[in-house]
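In what follows, chain A forms one complex with chain B and a second complex with chain C.
This part shows the complex of A and B:
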């Protein structure tokens, strides 16, 4: 059964139509990549799923329940984690406080501590910097914090927006390793990426978004070998 | 406004709690000293006692504003209007010209509920506003409230205000002591009532800082979208900030009207007062409880305690027999005040006792 079903979703900003009837499915424990150029509507798609950008038409269902039009915090509490574009960590709060806020809905202190320890287990560097302010971390560490913070909330589905943006290749590799391990923990992932090669290598399936529409879809490996994808997104001629 | 790049220095640990409630030993020491002061300093039984009482009341008002500006990052330029609404509510419920004439305590409870409700009413339509826009709306609200209080003469007494506001405990006799009379004669009763209220508000703020709601306020201040992604309802958090801030400001207003036994005229609740309280919070340190209190002690204390004292001293010394304003302290008051503010903001932009967060950010002893 699909954990997330997006049907004919349209959304936009003023006169601009950023999403134009997009339909995607994400299965339980599946990792799905959304690739596309700048302005293709990838970020808007995630924003519309969590309700930051209102849907103009179409529907979103999570675990079979419609969530279209629900406020963002309600969607988050249902089990959809969101690591938004640009990391959006809390720069003036310590790493620990950032992680604690990730588990805001967790009222059991013991469980919260366990979840934080677990998240730090994936990114040991965070454990060393617990008392440091989020804004003082390097870009890679901030991205790790954003990911860890989302995981502390124990999401069933995690939406990741450009986790590799502006990071050194070695750090990208480290972060993608962790993303790849999420499926084993039963977490479904929607991965929005410009780094199509890395994203498709990781993903079970992929969607190609162009000017707000899905133009191509298929298993990750298949897409990675598709001639059109190779020409447009993998820089091969 | 772009934030300066934060430094990499780790945050200093929180000060150890005394009983987990009063977060620093200094606060306890200050409380004991202030509680003992009227017994040792006879002057507090006179006009000085009333002035210090006013100081405590402004501390409560500044802590109310700190909830909005310090914790939640919502700029509020109309806090004095809630101060005024609290004062007028209490007056309407207690002055002889109205039929209610209920006691101070129930009247204060109603006044606090009314100001909280008014805060919600202002907050609800302005939820989407931030920064400059919210500042303008709250400024406008403050002016509207002031003009309304002035023009509803049949209800508010116009420029005369409402009086006499009876003292707390009027007509109540405890162990042969007429409480109302005691309050009316000896300013130390109001001194203790306001000190007690201030201590209660400080305690409540400490609890708030460590509570889930307190953390949610800060998260919304730092990044609203990210806070929502954590499951925090920005709507509820901001409305809570409005309600809490307004309620505490209303409490300060109740104490103010009762201690003066009048609401004073509506100009006592104008923009200048809002700005003065905001300056006190910024001077002391945004988001910092001891900082806010120190800011008020300096700014308001300068005005209500030091300036009159310096003036009377100059008069006594016969330095200024002609009464020229160039030689009176009050004539220079605003100039000194302004200069001091400029210097503090230049050399200590995070405030005198900053919250540990801002201190770490603005003092780049960095990597």
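This part shows the complex of A and C:
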């Protein structure tokens, strides 16, 4: 059964139609890549799934339950984690407090501590920066914090919006390693990426988004070999 | 000795200003709204306090009974102002959350007028005297220096409230959520924070502090009137800006500074110059430190 079902979803901003009847599915434990040019509507799609951007029509179901129109915090508490575009860590909270907020709904202090330790195990540098303010971290460290913060909430589904943007190759590799390990831990992933090559290599399936519509979909490897994808997103041609 | 006395008066008054300033700074910190109705909310708190003194039969000089009465006043007026503040947020500001900043601001001015009219209804047009439940007995064995029972009352109410607030904001789950919402409400919602509830809690706390301040104001100044909200609100707002609006320690510092300046300028320059001097100092400080004494220099708004 699909953990996430998006059906004919439309959304926008004032007169702008950013999403125009998008349908995607994410299977249990599956990693799905969404690729597309700037302004294609990738961020809007993720934000519409969690209700930050209201849906104008269409529906979203999570684990078979409709979540269209639910407030964002309710969707989050159902088990959807989100590492949003631009990281959006809390700049004037310490790294520890940022991580604690990731587990905001976890009331068992011991369990929260374990979850934070586990997240720091994946990104040891965060463990060394616990008392530092989030805003003083480097870009790469902030991205790790955003990912770790989302993981502390023990999501069943994780939405990642361009986690590799602007980062050095070594850090990108580290972050993709972690994303690749999520499936083994039973976490389904929606990965939005400009770095289409890496994303499609990692993903079970992919969707190509163009001006708010899905124009192409298929298994990751297949998409990576598609002529149109290679020309438009892999810089070949 | 005279100077020391003026400083004492200034600090006590300043503590009261700070309590009101906190209401401005907390609401601004969380939703970026200058809540113009806050001063008038406190006026309504004072109305309730006056009514309750009669209704509960709280009398002066009753020792423990009087103090218990005062504590009940602080609690009830705190709850009243906190609740009223939350109701106003729900009804007036919440529907305007995504509207241009000017809309809630103008609405706040409207709420201020509505409150003032309610106060006019409640108290009548003339100033009313507030019962002198706590006498001005000097607690110091010194003729030149006065620290009265009234001053002690201010300290006894203000200090625990401020310590409590500081602990709440720094150490509790709600406090962490409040700071998160003030920095990035969308990111806070994404981790499961119910942003509207956190905002409501902030309005409640700000209102509660204002309600407590209204009782102390009545007991300390002994005169209340339906127009008291404007001037007191203005001084408290000034204190919040002076300290750096959005900053909790800033509001406390700003309140104390304003209290001191008011007391010293009344003593050395003359009462009628006080307002001018306070605002001249505000302007000078803002010219050199636009973000206020303890405010942040850069706003990293996403």
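Everything below uses one rule, namely that the second predicted complex is superposed on the first by the 237 of 237 C-alpha atoms of A that agree within 3 Å, B and C clash if a C-alpha of one lies under 4 Å from a C-alpha of the other, contacts with A are read in each partner's own complex, and residues count from 1 in each chain.
The criterion applied here is as follows: a residue touches a chain if its C-beta (ideal position, glycine included) is under 8 Å from a C-beta of that chain, and two chains touch if they have at least 3 such contacts.
Computed from a predicted model, the values in this text were never measured in an experiment.
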| task | Overlay done on chain A, so just call it for chain B and chain C: clash or fit. | result | clash
| query | Between chain B (first) and chain C (second), which, if any, makes contact with A:136: first, second, both or neither? | reply | first
| Of the partners chain B and chain C, which touch A:94 in the superposed model: first, second, both, neither? | first
| note | Max touched-residue count on chain A (chain B vs chain C) belongs to chain B
| Contacts on chain A seen with chain B and repeated with chain C across the two complexes | 50, 52, 71-73, 76-77, 82, 84, 88-93, 97, 100-102, 104-105, 135, 149-150, 153
| remark: Touching chain A in the complex, chain B uses residues 3, 5-11, 13, 212, 215-216, 218-219, 222-223, 225-235, 357-358, 360-361
| query | Which of the residues in chain C end up touching chain A in this complex? | reply | 173, 176-177, 179-180, 183-184, 186-195, 296, 300, 302
| field | Residues of chain A defined as touching chain B within the complex | value | 50, 52, 71-74, 76-77, 81-84, 88-94, 97, 100-102, 104-105, 107, 131-133, 135-136, 149-150, 153
| Within the complex, which stretch of chain A touches chain C? | 50, 52, 71-73, 76-77, 82, 84, 86, 88-93, 97, 100-102, 104-105, 135, 149-150, 153
